[in-house]
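By letter and in written order, the chains are A, B, C, D and E; residue numbering begins at 1 in each of them.
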């Protein structure tokens, strides 16, 4: 029973924090968008399209961060069997998938003007694509197993194996990409970003981070509720 | 009639419950697509050139991978036996199962394929013809898949066996499908003809699959 | 109505299981299939249900609904439960109701005390509960001929009584039951003994 | 020890009984290879160019299609539960199952692949490197396949789900496999390096698959 | 030897099936699990076998072979038969003998009268014959603790006697048996009633 008290206390916490989290997120987003869309200068060679970067890059960062979050939560779930951990992991997945998709979408939107094509199998793009697949697989597992306890363990294993796999993929894809001479590699970004661009980028990064945390909290709450509902159904079955 | 509707409804619900229905099919489609450039290199021009063929092969394989679940579960849990006691002949049941498979697996993939084509720099001019051809072909594929699924039902280790039996049946659909969505101008004239032939293939499958499938199931049950 | 089986033979995998089996049963009568493992009880039930066709002999249900085949007038409760694990108990029954035609869901759920479990996925049921789900088909759709293959397997005492009660009322209402079982149901019926060990000898293929 | 040997022997015998063991795997391999020219056109130069990649993709897919039978039957008929009562830990059992799968499916295909390459007029100079690379890679593939098979055991409609989970794991093996059997001269220098990395991948899979697989099986059984 | 279960609890899908279950059984004793469908008999057997790990409580076999885990000292006869349909009866048993260690094939075949069927593929067996194949594991490999889940299901009279005889000798030789069954074996034993419908209440997730 003490185990279950835990989520309950956590729910209270969420309820307290959530409004502030949303407020912070919205403010940061507002500032970030203002800086990136109005203040930031347009790139001398990329023109206005450079502004896509401000939605694209942070999205990519979040996509990676979310997976890390998921993997850590899964590790905790496996090692300490903490009920909240697998709830957190499960909740992180769809959000991470969305950020990944956003990075892919904005990326290819950007790619059209830059490369003249929506998509190239450049190393980073490919690894990002595989990341999306990893997210899909993880989510599918949760879908496919009904018993939450069992689903949690299996999903955790999937997440961890994927986590080991991710850097290997990044490494292999980079090797692969230098192997062939792709028709149109594009040196994405540059080592030195002009501060006028860097500041809005960082602000947007912060905004995305806040957004991720907020969404995560909300999703965790929803998941806890869903489980309570399921248990009530099971309980009703016993009431006869 | 309600009997058949019940089967389709149930199979769709099951597909949805067991891992996101169409989503999973699309996911597989994507995973196959990512293999291609990794296998043969990221050269945009090359990829664009073989894009339609790649999409077609990915479609065939996805349908294939989902095929062995058409009758296997019902056979294993005894549902199939009870279905022979129903008001509708086994032929129609095979048809219903094929329809469910098409809706849950083949159709979503056929619809999504052209968009996935973007990843292979598919020539946008081919969107429509490809989509159309795949829509038609997917019907034939689902019908043939359920025919072979009926033939291999209950033989464990069906996956590969089923493929060997199915792929040859898919060859005509593949050939005319590719023709109906052919890139280079010289062929684009023959597209309408190819589409018509695809239609003919669908009708043929529609005529054969239910009867052959039902016969196979009866043989397995006795 | 009358169930008539004449000179029935069953060959499985080229092996003669039984032959020359005949039976005449009037409405309201229960036939109990007896015999050691492998005697051919299940095979016989499948033949009557029309799931497998006989190698020799005929099976007919006289005076039934002429528009329906024998298969369409019988229930077959086999050793597998024909339940989809990912569907709830209610969804499973509703499907069979829709498929077999005109099912009474509430009555079926009630018949083996599954009402409380109606919302649970079949995957979480215990073996006996799942067995009861399968048996509920009897109450779900009304059909004159019941073919029961070891119906009591895995049932607890109460469900067992429910089954016997259900069978009694069915017989009282003029239905037929052919049941293969190794234990005593406490119901009077025609004993049909499929003889000691399965008939040896290879049949003419 | 005898326990593990017993598992391998039994699985091989079963593979042989149920539709010709290796034969069926090779058959599938061939059918896929036939599809490719049909899909992307008979252009010989093009085919030769993408031959190695094609063979690799066909290999991955064949291993994939056979994967869902690694644990499924033992899970369904209750054998898996009894195996947990045996003298050997589940980790070793996973290993034994992987070995059986490799012997019955992956190995024959890896050996046959270069010869099938003839159909795609593969450059004969690539026979050896390709065969070598595939031999190594197939080990990794079988191990990863059994890992994912353990994760998806008992989930009906596993076929597609299994693929989505497996293919990302196959990406590195595919990349370095292709590199190790790369055609054009500029790259042939990197072959040894690629082979070594393949070996590393095999060892990694060997280190992870048994434990993750066993953990997954335990979770499924409880 | 002594089998000790202390304060065992079983939670399935977040639902408390039973709790606070304790048992002490000395060598040579038979424990009969009773209770309605869904009471948790199968779950308990799986817990003892170590196939599933308990959410609370301990299970131990004192005085057994210290080198072996509890799982390695028990036989589990579940509701599925763990038989490969494409292997012959003999091949199936030989496999389990090799796997579990040191099996006596002929004795096993003889124990449930399968000697005549040894060469048949398991696919052609009748349900009861297949059940006997599964039960033969008991005679195949000697293990102190037998966990039997409804062992009599589908058995004909003779096989049933064979089973009872086998159990009696096992008990006589100081072995343990925990059997879940809905019918009477005619053997005296500790009755363990898992109570009416599954234990109420929601457990921790």
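We adopt the following convention: a contact is a pair of C-beta atoms (placed from the backbone, for glycine too) under 8 Å apart; a residue touches a chain by one contact, two chains touch by 3 or more.
What you are looking at is a predicted structure, and each value in this text was computed from that prediction instead of being measured.
Traced through touching neighbours, the fewest hops from chain D to chain E number 1. The greatest centre-to-centre gap from chain D, using C-alpha centroids, is found for C. Summarising the inter-chain layout, the chain whose CA centre lies farthest from the centre of chain B is E. Rounded to whole angstrom units, the spacing between the C-alpha centres of chain A and chain B is 33.
Mean C-alpha positions place chain B and chain C at a centre distance of 37 Å. Averaging C-alpha coordinates per chain places the centre of chain A 48 Å away from that of chain E. Averaged C-alpha coordinates put the centre of chain C at 45 Å from the centre of chain D. The residues of chain C that reach two or more other chains are 79, 85-86, 124, listed in rising order.
Within chain D, residues 14, 18, 73, 76, 155-157, 161, 164, 167-168, 171, 175, 178, 222 each touch two or more of the remaining chains.
Chain A has residues 130, 133, 136-137, 140-141, 144, 146-147, 176, 234, 238-240 in contact with two or more other chains.
Inter-chain contacts, as defined above, occur between A-B, A-C, A-D, A-E, B-C, B-D, C-E, D-E. Residue ranges on chain E touching chain A, taken from their complex, read 12-15, 197-198, 200-202, 204-205. Put simply, chain A touches chain C in their complex at residues 146-147, 233-234, 236-240. Residue ranges on chain D touching chain A, taken from their complex, read 147, 151-152, 155, 157, 161, 164-165, 167-169, 171-172, 175-176, 178-179, 182, 187, 190, 201, 204, 208, 212, 215-216, 219-220, 222. Against chain C, the residues of chain B that register as touching in their complex are 2-3, 5-7, 10, 13-14, 17-18, 73, 76-79, 81-87, 221-222. Of all residues in chain C, those touching chain B in their complex are 46, 49-53, 71-72, 74-76, 78-87, 91, 95-96, 98-101, 137.
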